[in-house]
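Note that the chains take the letters A, B, C and D in the order they are written out, and that residue 1 is the start of every chain.
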Amino acid sequence: MLQNNKENNSAIILIHCPDKKGIVASITEFISKNNGNIIYLDQHVDSANNIFFMRIEWSLENFSVPKEKIHDFFETLIANKFQMTWRLYFSDEVPRMAIFVSKLPHCLYDILSRYKSKEFKVEIPLIISNHKNLEHVAREFGIEFHCLEINSENKREQEEKEISLLKKHKIDFIILARYMQILTEDFIKHYPNKIINIHHSFLPAFPGAKPYHSAHKRGVKIIGATSHYVTPELDAGPIIEQDVTRVSHTDSINDMIRKGRDLEKIVLSKAVWYHLQRKSLVYNNQTVVFA
Amino acid sequence: MLQNNKENNSAIILIHCPDKKGIVASITEFISKNNGNIIYLDQHVDSANNIFFMRIEWSLENFSVPKEKIHDFFETLIANKFQMTWRLYFSDEVPRMAIFVSKLPHCLYDILSRYKSKEFKVEIPLIISNHKNLEHVAREFGIEFHCLEINSENKREQEEKEISLLKKHKIDFIILARYMQILTEDFIKHYPNKIINIHHSFLPAFPGAKPYHSAHKRGVKIIGATSHYVTPELDAGPIIEQDVTRVSHTDSINDMIRKGRDLEKIVLSKAVWYHLQRKSLVYNNQTVVFA
Amino acid sequence: MLQNNKENNSAIILIHCPDKKGIVASITEFISKNNGNIIYLDQHVDSANNIFFMRIEWSLENFSVPKEKIHDFFETLIANKFQMTWRLYFSDEVPRMAIFVSKLPHCLYDILSRYKSKEFKVEIPLIISNHKNLEHVAREFGIEFHCLEINSENKREQEEKEISLLKKHKIDFIILARYMQILTEDFIKHYPNKIINIHHSFLPAFPGAKPYHSAHKRGVKIIGATSHYVTPELDAGPIIEQDVTRVSHTDSINDMIRKGRDLEKIVLSKAVWYHLQRKSLVYNNQTVVFA
Amino acid sequence: MLQNNKENNSAIILIHCPDKKGIVASITEFISKNNGNIIYLDQHVDSANNIFFMRIEWSLENFSVPKEKIHDFFETLIANKFQMTWRLYFSDEVPRMAIFVSKLPHCLYDILSRYKSKEFKVEIPLIISNHKNLEHVAREFGIEFHCLEINSENKREQEEKEISLLKKHKIDFIILARYMQILTEDFIKHYPNKIINIHHSFLPAFPGAKPYHSAHKRGVKIIGATSHYVTPELDAGPIIEQDVTRVSHTDSINDMIRKGRDLEKIVLSKAVWYHLQRKSLVYNNQTVVFA
């Protein structure tokens, strides 16, 4: 449904603002008066903090406001009135994504196979790694690969090279597909809420290194994986998606690692999908995911 | 949130109608112009069939249309214009529910414990059974119990007695909590989309009798339970909720029955909760559940 | 299957010991040579620590060693040889269980309804609470209820009264069914690995007070519940069972609490069932659950 | 654990036979007397049908029976005595697998990425398809690809070509990775319980064509996928693995297809893994999966 409508070209707006009477009426009236047909509308009110959230998508076919004037009109007529923090997207824009990897291939393969089969409407011009191991995968899929090894002394310098590559390729957002390096705060500032990481535990349990070892030691009966936007505090950014699977005393650490890989790749790819569909919105270190 | 707001008294409208431009704008403008504060809004468009669905709830505090006139105003100003099929509810109305049971107590206990602890805002004045086995449970919880045994000859007659009891107690809707009798079409007509059954399989797999035996024989790795509104066709009514659990070759039929009981009671009670919250809407033998 | 066999009376042995060649052969030969029929055999080797675990159950029908001599024979012929830590149970023994509660009834109702319907083969002669709220439930089910209010000054004294009641009623093990008091180390020593608690989070995430509030604040997409044996360190004992359910930004804290209740009662009752079936074994602050 | 032990070279036996006293004792005594160390033992008794099942794996390091004589010795000393149906495997044998595909790439990519990253210890010398669409994938991964288009007239003939290719490549078992052709009974006879299919529903619900369309029409709240061994009756063979995911009224058929793809690839790859680990055993149109 969305896909068909997208081919017809649509506009998407993500909003948050203080909750007031009349917000939905104002927005929907703006669209319907100008002959727009709403394809998707989801809204949420955080009553505790009195915040209004919305994702609305409407077809641009027959919409009487020209595409290039929508931002100005919405800003003036609606957004300013309600003090909205908002973003406008068009369904025919294809974002540009970079993938960071280290040695483990499962998330990389999963993303690239979705890319090749057009499940993900995205451009992937760039893969960056701190190891050479996965260069062959990039080559198989015909994507530029750069190996930038990182140690305690060259981190700043290497990150600057990474930033140059990202700028050069006009990258909109970054996926850390089991990239085993911690990004500096300076790096993260270039892509706020635009770096998606997969962590191999059900956060906030087992942050940091070797979560399957910790899970095995604690004797949990369920393991998980968590995709989140990266913030300077390690593994503490806004959670986009989580999933879990059962384990038992019969599962060794290696079994947990094996079972966990399936979770990691699915949970990461779901987060990429939400991000690409403009379905995730960050507020107050949490996400609203209009699933 | 809902609970607090409900104490403030709110109105709820469930709608379906042909999809057109301007429906959401019209409804939300009606509420906001009359000083109503929207607590909940969820809408869905079935694009394939061009049907619009909505659940909207707003606080009646300061709402300028008096409670007793809301139906007339909404009908005249909005519903007629868009050819809506719709229902108005008020959060301070407490519906009246009857429970039908046979011999198995787990669903009955689960419902009654939620009733006693005020999780379910409902009145339960009546329990009907075709066996005497669970009379003691009704007594423990202080609820009137009637045993109406059913055989091939007395079915019509007994159902008439049931209908009398339901009328006498002003019952709004009925829960079949593992009631092992098939209701006649005549009986069902008295309560269209107001009888909720729990079937002990993930429908449409294994309809009819002894689904755990069939599941065991087929060697499935997952069993389930399904709550649905009752229609004349057996186990074919609109599905409200389903859940599943894993089984393996080590599970005997008795193990499946035991594991299934936990599914059945939770899945049935979730359906009751959705129904009580006015969150379920039936259209075209399916439900829209505004979860 | 098990239930039928149990009616035929069976012996159950739970074992752990250093792993060596020939353990399974020795045990199974002991049973088969004496004309016992194995009903259940599950074993596990923790390779990392070289520990052997086993649960074996065999029918006593035609078994040539008299019931009262099995312990002595097994000890002498098998257990000593392999330095086993082991326990012998008979399926016709019915253990005696006490329930501790505070104000929330859902776990209590769930346990008592299973008890009444004979799902749990157990005696429940005693319910202890630090509040009077649930006295009526105990009365409905005909179980002795004691209210022992606890404050910072009388804790030791009240726990002594509790221990007296437990001794008087010959209690084998204790269920904390949302009991909101921390037991002292002294109390726990009376029932090592024989007190089962339900914690309302997927441990080790969110130990301690108000886990749903913490989960809501962290913005998790999945909440859980954990049953575990109680040890002196809070919420850090051996995990018996866990389960989870999805939440989203639309779930308020109250919604999480409501959804969590269903997890809590099922997860706690599963732990009780494993314990009653002699299917759980504790080693190194973890459980082996022969599910 | 298994992986380490496998490097040490182990023997695996899968057994089913009529249940009798002394089977486990006989087998484990045979291994321990000959100085074998049991790595894995799982057994199950189907009490209803009186059938004994077992998977046992032991290290060949120091085992006093030479590898090439194990089959003969076990047959003579144990298997004949208990009328066993049994198979012996060695962990250092690498089976050879063919993949059949049509147009959808997700399962193919998933299998090949596990193959490339050595998760699957298998040789994949051959991919067969009835369409040319996925030839490029085979080429990317360096695997021989044959397109054998099938219509109502050439089916027998094309299947004969397929059989020739399978023989030529010494294929041990076949994966149908969303292969959209029904195999003839003659073809299946060449690979009994050695062809694994993925069906895109939770069987036995929605067998045959277009299950997501049927699921959408029925209004289910859960969709699933099922991997099974292929038998002449369509979608009715022994189930190896199943998994499910939630859907709602908001999911269009395309959304179900998208969500279902993730299930299909994971469920198929799990079945492949069980098969490769010699963990699945077929009896009476069901599987015993020693997970």
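Here is the rule we go by: a contact is a pair of C-beta atoms (placed from the backbone, for glycine too) under 8 Å apart; a residue touches a chain by one contact, two chains touch by 3 or more.
All values derive from a computational prediction rather than experimental measurement.
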Between B-D and A-B, the pair with more C-beta contacts: B-D
Label of the chain whose CA centroid is most distant from the centroid of subunit C: A
Rounded Å distance, subunit A centre to subunit B centre (Cα mean): 37
Centroid distance [mean C-alpha coordinates] between subunit D and subunit B, Å: 42
For subunit B, residues contacting two or more additional chains: 1, 47-48, 252
In the complex with subunit A, residue positions of subunit C that touch it: 44, 46-48, 53, 202-206, 218-222, 224, 238-244, 248-250, 252-253, 285-289, 291
Subunit B-touching residues of subunit A, taken from the complex the two chains share: 1, 4-5, 21-22, 24-25, 28-29, 31-33, 35-39, 41-43, 45, 47-48, 246
Residue numbers on subunit C that touch subunit B, as the complex places them: 1-3, 105-106, 109-110, 113-114, 116-117, 119, 140-141, 252, 254-255, 258, 261-262, 266, 269
